[in-house]
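You will see two complexes here that share chain A, one where it goes with chain B and one where it goes with chain C.
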Partner chain A sequence: MDTDDRKQRYRKVAYYPGCALEGTGHAYNRSTKAVGKALGLELDEVPNWNCCGAMEVKNVDPKVQTYLSSRVMSIAANEMHADVVMAPCNGCYHNLKKAEYDLAHDAASRETVGAIAAKAGHAPYEAGQVETIHALDWIMHGVGEDELRKRVSNSLRGLKIANYYGCMYTRPRHIFPEKDQGPGSDSTSKPHFMDDLLEAAGAVNVDFPLKTACCGGAHTLSDSDLSTKLVLNILRAAEAAGADVIATECPTCHSGLEMHQVRAEKVLGEKTTVKMLYFTQLLGIALGLSPRQVGVHENVSDGREALEARGIA
Partner chain B sequence: MPIHEKSLIRPENLRVHDKLVLDGIDVSGHWSTFVEPRVVTDYNERLQEEIAALPGGEHIHRCWQCGSCTNSCTVNAVNPDFNPRYWIYLIRMGMESELLRDKEIIWQCVSCNKCTYACPRDVFPEGVMKATAHWLELEGHTPQSKSSMFDAEFTEQVVATGKIEEGRIIRGFFKRSGQPLMQPWLIEMAKRLARHLPLKMGFLMGIAAVVRPRTRGWGRAKAALEDYIAGQERAQKSALGLGAPVAPAKGAVHAAPGAER
Partner chain C sequence: MSIVALARDAGDGPGAPMPRTGADPGTALVDAVEVRLTGVDALADPRDAACAMLAVADDVLVDWAAFRGDTPTQATREGFRLLALHRQGAQDLPSFNACRETCREIVYHFNLLRPADPGDALPAEDAARTRVMMGLLVRHLALFVGGKMRSARVGEFCCASRPIRQDD
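== the complex of A and B ==
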């Protein structure tokens, strides 16, 4: 793919925030918009978007989830005439990619989704009409590390970061055909886009083995004991690696880590002190925005101390 | 044959003799551990077909038992009894009663898709776990799990309005599963959140709790989805020989184990 052409296409993208970014992930929404603005990237929100189905709807029926995700892409393609849909939430991003894959490869999915779309009164989504990307792709390919480095006005000054990507950004591999394509693409086994961007912003990435471990987000309330165990593993590993902060890129992971950090402390008496910040919050601060402008005060885990300790905020 | 990997065998099937002499040879101690022989007669020959008829289970027949799924499994790492490879084996063999011994934990799959990533045969073990948990509930072997209650609450809200509101999901789920909302750790969470939260944010969250967020023009999509979901439910029950008027009874093959249930 021609990189200049891609850079141009990512300058203005259809924005699909999703339900979590209007609720617990509000700080991610705010910081994504703020970073986009600071970097001269434009977001055009998909009108009348609906829930992608998250982790739950597929367990009732996978094709309902495919329809829900396809409706968002159909609006972006047929009403907005957009080429690119950007979803910062791993869940939304994953589900749109999954719908794209299923509609391209499975006739039964095409038939079911087409029938529901016809009854719902809108054009069905045809595979290939739009490209779905994550906020990481958007900044990595729309701006890039070199340009970002030039724009940093408040370096992260060696802040030690464990980058946590979670499950849905890399698995299963087959729905992400653009990954694992060598230099310039992200890896599904060892993702590095968040590492690269934060390093360009002045942070030091610690050697964190649980980048793509699972936080148990699917059962965060229905099997809390299991989720607490899984989260505690992640928090302990980040602390053992020497991290001040865990950088996140998914509202479900982020609130899962925050919730179960509190729960581990309250229920198991296991206290951990590492803080969670969205990677967009960290980038925003490096670009000279105040912690308030990127919603640091909206997080449960209070990252301000960690930033103040390094003289960043 | 001495049993080296005792951990893989149900403890009640192991027989150990402190002193054992066979044909004049002393085989006491390490050499005297044996597996109790047993005869399995209650095969459900349709088990694989039934799981394959449910969403996610379609590709179970591809499995060649390499164990990559169990090896990569998030839940297996915290609970060794959670063993996708073994359950797939049991389903393909039709060993329903053996499968039912683990019925209380199969729903715990966290959908991390490490198994899907590792599987060399594209079995989609994550989907098989969901199909199996679904089957257990449809057949009445287990009550609805908390996970299924959460999924149902979530899906109902999405179908009704096109969107979800997290507070409403949490309240709906706790009510549905009969749990108190005022859990100490949730209260602590709310306290920590309230400490720095700007007034405006708190105000907006209050509004969301009263006025449900909705997707504009969702009505026709709602009707279409409700139709489709109802049709799928009927088709699944019929595939399992449950409750559908035209479906044949469970069939001669299945009658014996069915009677025990």
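== the complex of A and C ==
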């Protein structure tokens, strides 16, 4: 697709916030909307959206998860007549992409989705009706680094950032056919869209080798100690890399890093000081929005000091 | 499930046995890696440390293969057994790919610490930082694999999780 065509296509997208962005990830929701508005991008929320099936439903019956994700895309395609669905949550993004893949390649999935959709009384989603993108794609292709650089009014002034993408933004590779396509596309082994956008906003990205490593997110309830150790290792690596802040693009990872940073100190006596901020919060601040407008006060990890130390907020 | 002991030569550094202290295989693995990494700290030369840490990483995946009832491969990929072991460990288990980049980063850091051409050796400060990072990567691999062992009986926990009713 031509760059300008895509820019036009991403100007207005169907917005699927997902459950986390109405709860623990509310600051991500707030900052995504604020950044979109500041950049002239429009979000049209999918009405009556449902859970994507997350990990729980997938464990019980993956085809029901496929249906749940497909229903969101069906509403976007058949009721909103949208071309693009944007999901900022890695879990939702991953599940919608997976449903898209399954419906394109697996007749049994199509049959199950068709049967449940008929029972539910709506048109089944058919593969290819909409394009699912992440918030990173939305800003990277809807605006781009050059345009973003021009719009920065409050540079991040060399704030050192470790960009943490988590495990679901790039895995499994086969459900993300648009990635690994050379210049202009993101990489599944070394994703860089968040790095590129934040660098355009004035930040300095540190070399962070755990950017796609497991944070133990889904382990949090069943094996909290392990999650705490995984997160502690990520926090230590970020600090060893010299980061002031870990930028995140997934509400589950973000909450996990925040909660287990506290828990690591409480349970293991291991204190780390690196702060977590959503990449949309950092971009919003760079675009001149106040920390409050992008919900920094809602974070457990208080990044204001790190921002103030650089004269950013 | 019993712990599969590693039959390796005794001694410090590469080839040292993986000591066992924990109550379950996953915890035992993580504990063993901590002991081994503490031993690596004593090595003065970052090149030696790199070899020792790579050996620990290999052993983590050797344990994983044995835990799954497989014979750990002796093959290499791109010159590293670690990458071949990862490929073996991820067979029929897509979620295990969540540690693929961790393995590749371990190899990358090893190459930084032990470049093919000694003239490309890192300055001391960079080598020290790279060594610390490689240790964190190996620890992350152990935590991830240890978690996989611990969760083996209760089902998958990752994004590409296995349906519990797949045999229905």
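Criterion: the second predicted complex is superposed on the first by the 313 of 313 C-alpha atoms of A that agree within 3 Å, B and C clash if a C-alpha of one lies under 4 Å from a C-alpha of the other, contacts with A are read in each partner's own complex, and residues count from 1 in each chain.
In the analysis below, a residue touches a chain if its C-beta (ideal position, glycine included) is under 8 Å from a C-beta of that chain, and two chains touch if they have at least 3 such contacts.
Computed from a predicted structure; not experimentally measured.
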item	value
Partners on chain A (chain B, chain C) - clash or fit	clash
Partner chain(s) touched by A:Pro209 [first = chain B, second = chain C, both, neither]	second
Which of chain B and chain C A:Leu226 touches, first, second, both or neither	both
Superposed model, chain A: greater residue contact from chain B or chain C	B
First (chain B), second (chain C), both or neither touched by A:Gly158	neither
Touched partner set for A:Trp49, first chain B, second chain C, both or neither	first
First, second, both or neither for A:Val300, with chain B first and chain C second	first
Touched partner set for A:Ala241, first chain B, second chain C, both or neither	second
First (chain B), second (chain C), both or neither touched by A:Val267	first
Which of chain B and chain C A:Val60 touches, first, second, both or neither	both
First (chain B), second (chain C), both or neither touched by A:Ala20	first
Superposition clash, chain C against chain B - the stretch among 42-50, 114-122 or 150-158 that is involved	150-158
Residues of chain A that lie at the interface with chain B and also at the interface with chain C	55, 58-62, 167, 171-172, 213-214, 216, 218-219, 222-223, 226, 229-230
Touching residues on chain C, where the partner in the complex is chain A	26, 30, 94, 97-102, 104-105, 108-109, 129, 132-133, 136-137, 139-140, 143-144, 146-147, 150-151, 154-165
Residues of chain B touching chain A in the complex	55-56, 74-75, 78, 108, 110-114, 116-117, 127, 130, 134, 145-152, 154-155, 158-159, 162-167, 170, 173-174, 177, 184-185, 188-189, 192-193, 195-198, 201, 205, 208, 213, 215-218, 220-221, 223-225, 227-229, 232
List of chain A residues in touch with chain C within their complex	55, 58-62, 91, 94, 167-168, 171-172, 189-190, 209-214, 216, 218-219, 222-223, 226, 229-230, 233-234, 236-237, 240-241
Residue ranges of chain A touching chain B (in the complex, touch as defined)	19-20, 22-24, 26, 48-51, 53-64, 67-68, 71, 112, 115-116, 119-121, 167, 170-173, 188, 213-214, 216-219, 221-223, 226, 229-230, 258-259, 262-263, 265-267, 297-300, 302
